[in-house]
Amino acid sequence: MSDHVYKHIELTGSSKEGLESAIENAIAKAAQTVHNMNWFQVTDTRGYIQNGKVAYWQVTIKVGFRID
Amino acid sequence: MSDHVYKHIELTGSSKEGLESAIENAIAKAAQTVHNMNWFQVTDTRGYIQNGKVAYWQVTIKVGFRID
Amino acid sequence: MSDHVYKHIELTGSSKEGLESAIENAIAKAAQTVHNMNWFQVTDTRGYIQNGKVAYWQVTIKVGFRID
Amino acid sequence: MSDHVYKHIELTGSSKEGLESAIENAIAKAAQTVHNMNWFQVTDTRGYIQNGKVAYWQVTIKVGFRID
Amino acid sequence: MSDHVYKHIELTGSSKEGLESAIENAIAKAAQTVHNMNWFQVTDTRGYIQNGKVAYWQVTIKVGFRID
Amino acid sequence: MSDHVYKHIELTGSSKEGLESAIENAIAKAAQTVHNMNWFQVTDTRGYIQNGKVAYWQVTIKVGFRID
Amino acid sequence: MSDHVYKHIELTGSSKEGLESAIENAIAKAAQTVHNMNWFQVTDTRGYIQNGKVAYWQVTIKVGFRID
Amino acid sequence: MSDHVYKHIELTGSSKEGLESAIENAIAKAAQTVHNMNWFQVTDTRGYIQNGKVAYWQVTIKVGFRID
Amino acid sequence: MSDHVYKHIELTGSSKEGLESAIENAIAKAAQTVHNMNWFQVTDTRGYIQNGKVAYWQVTIKVGFRID
Amino acid sequence: MSDHVYKHIELTGSSKEGLESAIENAIAKAAQTVHNMNWFQVTDTRGYIQNGKVAYWQVTIKVGFRID
Amino acid sequence: MSDHVYKHIELTGSSKEGLESAIENAIAKAAQTVHNMNWFQVTDTRGYIQNGKVAYWQVTIKVGFRID
Amino acid sequence: MSDHVYKHIELTGSSKEGLESAIENAIAKAAQTVHNMNWFQVTDTRGYIQNGKVAYWQVTIKVGFRID
């Protein structure tokens, strides 16, 4: 396991539901083209406001995946 | 749209429910006096502990709103 | 109250449920041996991915407790 | 001069022209209601892209002004 | 207590006496118009030098106060 | 709009003209292969010096674009 | 001396007197159970405000001590 | 040379040998598909521990390469 | 595996040999009393100089270990 | 080229014209006494305000030069 | 005043008295050889501990001075 | 020892051999003109890549030395 190499990509996902859902949306989208994703790290948490309420949540993550 | 100016304010909201709820409480309070809020960014996530459990969640956010 | 001294410890909790649950698990575990915990601050938010989905959430917190 | 107190506000200005112009727009807008502004510090530099070109520049600044 | 909302403002106080005095000057000035201030955090510590000596101390703080 | 996912890439552009031009060069190059670019953020500003003058400016930016 | 190992602990001390006193209180408390403390580093400086005045100062420090 | 554009990618390499070897493994892997790599910068240094010893070293780097 | 809790401790190891050796010394010392150590992260790299040469290397690491 | 040693100095230049000009002024001044300057990096961007307008721009840079 | 250039140097002063005194000692020492010093900024605050008490305080500052 | 004043300089050393060697080269060069160097701290670790391999390592350090 010690000789693996991982690449990181940075994604922003959004959701009307909440923080976990925004992260899951970003990962689900990336999973359509990226394989072997192993972990993520949150690097920014934001959201958009409309009429004095949170309209949707936006979370930026770094995702690490193994390069075969 | 390119000539708008935005001001940022920093707020801490709290809630017994969770992280999203603490953010929503801060924005709802600010909406009573501030108009045209557009986005927020989380800058600190904390909480208070009582008897070995989370008593309430505290999230600090920056909120940006358009100056007319 | 002004002459209290607090010590900080850093913990990482994990959960299949979500971010709040990962924090609560870390605090519940620490409560078995540490008394007088007063607050926490999130210092890192991560998670593990399996088959293109979040398998579990991992949150690192600093916990402050009063030294008697 | 040693007993002055300054307050800081954070603003985001935008412009189609460039970085200096975005800063000047933010300060001109604030000058309509804030007096005794003394200095600014850039805290974020961004921009929006349309059709593969910079549509406008956005600079966030902290502005310090003396409280009389 | 869990449903309070706090606002933060950033101030720079100065003093010929020392660091604590610069902080106290900023808070005393703010207390003339802001109520319910609860805590401060130091974000920058500076000073001005004249003739090879510290002429006055300047401390920048964030102050949190409860919004009723 | 709340269910979009964005990917970030990091680029360094350079120019003999100035800071805005270095950013525009990076975006123009990326636009040849990346579509739906929405925003950029400056993360580093540098330059090369020859014979005691700025020979060219180098700006590193993060660019966000929507994944369809 | 090159083969020593040090452990760091993080403490918050408070005092009504000032910044140095808050640090000294934290170290005096730790000295009751920790030996061979060598240095400290300030990581956060805060305080509590009551009736528009600093009620007490709070300084967070990392303390390094040699493990025998 | 002033009109080149560079792209950055982030990689984590690992090795049982040491820090330099972990970096070299990441670059060797990337060289199979990326051309014109010019420099790297270390952004994180970690390792895994088994039975009280370092089992392997993990170094995360940003790599810059010229886009033709 | 998702319900484990980890604690982090911070250590500084030193060595006349080099950076890896300073890290290994810190971990070997900690292994005498701490079990289930899983990973480390470097947070500071320093050294002492005598007669214009590096006398020994000092590396500060955070170590994570599972709490049973 | 691999055995060169560089020293960094930090300078603040100012200008009524703009950001690039403030940087160029700092480098021109340094060039009177420092040779072999190779690159700079911006570490702070500020300015002074008079009568609600930017009076002059101030940019702090690190400059690297080869030690022969 | 807009065409001045300033150079920054970094110093660590120490004192048995306290934080202000450590800063003043560093500036007094520098004043023996450096003229036109204008301001300082604190970048690190540390101290040495002997027998469970603060033996002396150490403050690192950046000092800016005008280059004529 | 409590009344010493230290000055910090920042250097980048390079080497084909590895990270320790790049640091040692920077210190050896500085030792030709600077006396009483006491410690260093690594602030940046980089390297140059040629033909898909590390051509040389570059480490930036701050060096502290006592001013007599």
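Every chain is named by a letter (A, B, C, D, E, F, G, H, I, J, K and L) in the order it is written, and numbering of its residues begins at 1.
Methods note: contacts are C-beta pairs under 8 Å (C-beta built on N, C-alpha and C of every residue); 3 or more make two chains touch, one makes a residue touch a chain.
No experiment lies behind these values; they were computed from the predicted model shown.
**Student:** In contact with subunit E and with subunit I at once: which chains are those? Just list them.
**Tutor:** Expected: G.
**Student:** Given that subunit H and subunit L are copies of one sequence and touch, is their interface built from the same residue numbers on both sides (over half shared) or different ones?
**Tutor:** different
**Student:** Can you compute the centre-to-centre distance for subunit H and subunit K, using the mean CA position of each chain? Integer Å is fine.
**Tutor:** Roughly 38 Å separates the two chain centres.
**Student:** Taking each chain's centre as the mean position of its Cα atoms, how many Å separate subunit F from subunit L?
**Tutor:** 31
**Student:** Based only on mean CA positions, could you tell me how far subunit F sits from subunit G in angstrom?
**Tutor:** Subunit F and subunit G have C-alpha centres separated by 44 Å.
**Student:** Going by the contact rule already set, what residues in subunit E reach two or more other chains?
**Tutor:** Counting only residues that touch two or more other chains, subunit E contributes 19, 30, 48.
**Student:** What's the complete list of touching chain pairs for this entry?
**Tutor:** A-B, A-C, A-F, A-H, B-C, B-D, B-E, C-G, C-I, D-E, D-F, D-J, E-G, E-K, F-H, F-J, G-I, G-K, H-I, H-L, I-L, J-K, J-L, K-L
**Student:** If you look only at subunit H, which of its residues touch subunit I in the complex?
**Tutor:** My answer: residues 18-19, 44-49, 52-54, 57.
**Student:** Within the complex, which stretch of subunit G touches subunit I?
**Tutor:** Against subunit I, subunit G makes touches at 1-8, 62, 64, 67.
**Student:** In the complex of these two chains, what residues of subunit I are touching subunit G?
**Tutor:** 9-16, 25-26, 29-30, 48, 55-56, 60
**Student:** Under the stated contact criterion, what part of subunit D meets subunit J in this complex?
**Tutor:** So the residues of subunit D touching subunit J come out as 19-20, 23-24, 27-28, 30-31, 37-42, 63.
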